[in-house]
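Got some structures for you, see below.
Two complexes are shown next, each including chain A; its partner changes from chain B in the first to chain C in the second.
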Partner chain A sequence: MEEQMKKWLEPFSTTDGKPSTLATMQEQVKEWIDQDKIDVFLGYKMVQGHPLPHFFTKNNLDEVDELIGGQARYSLEKIATKIAAEKPAIKIGLMVRDCNQRALNVLYVWNQLNPENVETINLNCCPSKLKKHADCSYLEPEKAAVYKKEVGIDNNMDVEDAEVFDMEQRFKRWMYEFSKCIKCYGCRDICPVCFCKECSLEHPELIATGTLPPENPIFHLVRAVHMGGRCIDCGLCEDACPVDIPLRLLYRKVNATVEDEFGYETGTHADQSPFNLLGDEVTLEPKPL
Partner chain B sequence: MDYKIIPSVCSYCGTGCGVLFQVMDGKLTDTLPMKTHPVNEGKLCIKGWNLHEHVVSDKRLTTPLIKKNGEFQDATWDEAIQTAAEKLKGIVSAHGPDSVGVLASAKITNEENYLTQKFARAVIGTNNVDHCARL
Partner chain C sequence: MTNSIEEIEDAACIFITGSNTSACHPLIARRVFRAKEKGAKLVVADPRNIQLSRFADVAVTQRVGSDVAMLNGMMHIIVKNDWHDKSYMEARCEGVEEFLAALDAYTPEKVEPITGIAPADLEKMAELYATNSPASILYAMGITQHTTGVDNVKSICNLAMLCGNVGVKSGGVNPLRGQNNVQGACDMGGLPNVFPAYQPVTVEANTEKFSQAWGKELPNKIGLTITDMVQAMIDGKLKALYVIGENPMLSDPDQNHLDKALDKLELLICQDIYLTETAARSDIVLAAVSVAEKDGTFTNTERRCMKVNKAIEPLGDTLADWEIISRLSTAMGYEMKYDGPEDIFKEVTTAAPSYAGMSYERMGLDGLQWPCPNPEHPGTQFLHKEQFTRGKGLFHAIEYLDPAEMPDAEYPYFLTTGRMFAHYHTGTMTRVSPHLDAEQKDGYVEIHPEDAETLAVKDGDTVKLSTRRGEIQVSARVSNKVKPGLLFVPFHFAESPANVLTNAAADPTAKIPEYKVCAVKIEKAA
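Presenting the complex of A and B:
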């Protein structure tokens, strides 16, 4: 535990042996707040022994000295979106890892956040195939147990591996995974790019209500379809799932289809999504009454 | 402009999941699972995810109610407690203490729950005590 705490407090050690850049980041945040470049900074602070999201403003400027990277990954951009919805003009600073940045790009595309009102400080991210070096080991996958391997889908599989099963097997295995669902909506609630006011998952005419597990596979497939061109593969959904459904793998497959069909790599840039029907301006001529 | 994240423990059942309350300008707006909490490790059930709703709900009672002539009417605490005491007394004397059951709550403290069972056993005289979190 002590080792882990140490790691949380100093997540900034760089590969080239340079000293911790934590102090530099704290200075940067203070400067931004002091110069009114931002109204609030969303970072992490140790509270009651837990690295928790924390808001830094002019009123608690001294606390910036306690700003840490925090190895526990929360969706700070989702919190920012909710603040911006209440106060559209507010200038927000954020501590971001790669996944947070990808989420921000999607939120810019869908007009949930205004990039002009957002400043970011980058932080080393979790290990992935793309980025070998990383400090955050939070997404270190757990090994699938024997029963899950036999009848379900191993969360650590690649899309290709999961497609080795024949159709019947594949359907059976996914249905086993979906059958565990307790309909907590955690996957949706934690998702940084889920922001709709009305959610299809709660629509009684689309998905039957009143039973557990929810109507399957439709419940999970509706969510999967909605993740096309939205999911930034941060893994927070799978992380929040109390029953270990391999959601990340499912959405990866959906996004692979989006990439194949439209050449759109979700979250890598803030360019328009092929699914966004709305432009910036009205191009239709108004009809005479 | 005032934003806060407040760590707490879910009050719905006896599991004790760690939650974070998101408070915006003094108003409770959201609940998040606490990622580093040893009990729930960043996971919650549907009740936990919506924990803030029973605090901010319009349906939340802000005053005791007494049913008079078939309708609930606002009452003071003194009136409400007096009415409850009289009715309980009447039931116990007419049908005996075991005609009463006491349900304790996950939303109150350990000490209050202790008092609740003490009330059931010592005042009413029954062992009919249970708890909503005994899932």
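Presenting the complex of A and C:
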């Protein structure tokens, strides 16, 4: 427990790169709130031994002393998106790791958040294809179990490893993984870059409803396709999946294709994505029939 | 559950029967998937092809209501092959001889015509369960909701004891409870025959103890079960009914009969968070708060008592259940005065010895598993470790009996009822959720393609289902999930209520109705 606590109190660094401690981070947040630079700060608070997402505002400024960093990992930016959708002018402060930052970039690209209304405090973070050297124990991979290795897909595989199987094997193995799905929507609900108002996964014309497993492979493939140019490889979907479907690997493959075809590295910057070629806003009234 | 959910992951064999685990207990199914991937053997016996069947080393679809024959058949094979745990049986059990003698007749050849299970499959089921230790048995309503429900459960216990699987980690007899707090409600004495922690009302010392604790002379007579109450209403012996958090209009069998019974009541009170079908016809409705608006504890299927913490203040003119009950009781002349849920919990720890060591302070986020007899006790992960609660584990010699109603010329199909993954029970809480409603908007009947062809019924056609008790119209779902001759109707949907069809015939001991088997006729609707 003490070891764990030490980790929560590890040093942090701010956006300007200066080293910081938990105390100075808390100071920073208080200052931002005090000076109305932000209206709300999204961070974590320890509740009965569990780090939980928490709102810090002027009304509970004292609670900022309980703000923690450490290894807590959640899509705070998803909460930010929901708040911003209701209150577009609100200024939001966020505790971010690299994965959160990549998600923010995608959300900026897709006009879900306005970068001018977002302030961040950075934390050290997890390894990813997009950031190789880092530490985040939440993603310390579990070794694949024997039967899963035999018939399914080892969640620790890289895209290249998973491509050694011939097409028939590949299909069989992925279908094995998909057929465990209990349609809990945990992968979608936790996803920081899932923000569509209408979700194709719930569209009865596209995917049949009412059965378990969901209609496969279409259910998982529809989600995978939608992850192209959006997935920022945070791995929260896989963490959330109760039946250990290697979703992170699946979406990595999709994004590898996006990178090959368009040279676009999802989440690394907030520039135009090849997928959101928005035209000009139409101001004309629809033509009468 | 004798054992804990987490332990399932480390079982060497899991035998699932009468539980559609991935649909109804999805997070327990998670443990099953993980166990399977770690190399556990999986045996699934369910009248329907369920999601887990496709992951099983052997999966069978036994005829509905044939479970005793199936289980006796498995045990017959185990004993014949000498796979049973003789030293365990000798050291820890009794009633062995009579029990073993009763198995003699259940040869695979005798079992096959009853269950529809091929001898080779039965052999494999027996072998996998008996030769991979520890083996865990998971079951649910598919075992209990029969006129032979108690026999079915006893047979499962026989099987577990026969192979020395009770009182060991990752083994056990594990009924998966259908509600988050049904275990807790039973623990509190929410049954007609016991005080808290299953202390029988017929034992004088218990009646005396509780009469003293609660300052009121308490009856020592066993009360009525729900099934008995319906008859008592018909007979005019029961005049007022107070229903809390239940919707018998959909969840009790034989709706037409129940309807008549409720009509005879002088007073019906319903306490719920929504205006259920039952609440809608009540004389008085008491609006209770939802889970998010109250403090307290729930005790789940693995005997784990956990804190519930209020997230928001009660909305509208509503009260927590305990406040409603306390006020009502006080108004009726028996003062119930508590400072809040914690005050009540303190009383629980004095009334229920298995909760004696618990407190809000100790509970934390993970709670405590009973028995937890003193404040130093860490709680109990699995039961019957050194010995059984009663001392020796008692084997029962059980003979197979047919369900109360079998198909005949007039009602040629078997009907079984149950749940589907998107909805919960009578849909009170789930059908109001837009996401869950989108998943399944209305009722249906699953019918095998061959039967559908015979009847010229296409997927989506409206069909009429009738039994000796009533009829409903519902749309057909042509599916390989059911075998020819078997129909399945989920009971979540008031528009096509499955309980118009179901049989109120009940188990003679537990009084649980036979929701899982009755005879039905199906016709294409005009």
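Criterion: the second predicted complex is superposed on the first by the 252 of 289 C-alpha atoms of A that agree within 3 Å, B and C clash if a C-alpha of one lies under 4 Å from a C-alpha of the other, contacts with A are read in each partner's own complex, and residues count from 1 in each chain.
By definition in this document, contacts are C-beta pairs under 8 Å (C-beta built on N, C-alpha and C of every residue); 3 or more make two chains touch, one makes a residue touch a chain.
The structure presented is a predicted model; accordingly, all values stated were derived computationally and were not measured.
Student: Looking at the combined model built on chain A, do chain B and chain C fit side by side or clash?
Tutor: On the shared chain A, the partners clash.
Student: Counting residues of chain A in contact, which comes out ahead: chain B or chain C?
Tutor: Counting residues of chain A touched by each partner, the higher count goes to B.
Student: Using the superposition on chain A described above, determine whether A:Gly228 touches chain B (first), chain C (second), both, or neither.
Tutor: In the superposition, A:Gly228 contacts neither chain B nor chain C.
Student: With the two complexes superposed on chain A, say which partner A:Tyr74 touches: chain B (first), chain C (second), both, or neither.
Tutor: Only chain B; A:Tyr74 stays clear of chain C.
Student: Figure out whether A:Pro242 sits in contact with chain B (first) or chain C (second), or with both, or with neither.
Tutor: both
Student: Let me test your reading of the model: by the given contact rule, A:His50 touches which partner, first (chain B), second (chain C), both or neither?
Tutor: In the superposition, A:His50 touches chain B and chain C alike.
Student: Figure out whether A:Glu86 sits in contact with chain B (first) or chain C (second), or with both, or with neither.
Tutor: first
Student: Looking at the overlay, does A:Ile182 come into contact with chain B only (first), chain C only (second), both, or neither?
Tutor: both
Student: Quick one: is A:Ala145 in contact with chain B, with chain C, with both, or with neither? Answer first, second, both or neither.
Tutor: second
Student: Taking the superposition as given, does A:Gly267 touch the first partner, chain B, the second, chain C, both, or neither?
Tutor: Once the two structures are laid over each other on A, A:Gly267 reaches no partner at all.
Student: In the overlay, one of 94-102, 184-192 or 418-426 from chain C clashes with chain B and the rest don't. Which one?
Tutor: 184-192
Student: Residues on chain A in contact with chain B in one complex and with chain C in the other?
Tutor: After superposing on chain A, chain A residues 47-48, 50, 182-185, 242 contact both chain B and chain C.
Student: Quick check on the complex: what are the chain A residues that touch chain B?
Tutor: 39-40, 47-48, 50-55, 57, 59, 72-74, 79, 82-83, 86-87, 90, 138, 182-186, 189-190, 239-242
Student: What residues of chain A sit close enough to touch chain C in their complex?
Tutor: Spelled out, the residues of chain A in touch with chain C are 47-50, 144-148, 152, 179-180, 182-185, 202, 204, 209-210, 212-213, 242-244.
Student: Touching residues of chain C toward chain A in the complex: what are they?
Tutor: 22-23, 26-27, 29-30, 33-34, 36-39, 51, 54-55, 364-365, 420-422, 435, 438-440, 444, 477
Student: Which residues, counting only chain B, touch chain A once they are in their complex?
Tutor: 1-5, 7, 18, 20, 22, 24, 29-30, 32-37, 42-46, 48-49
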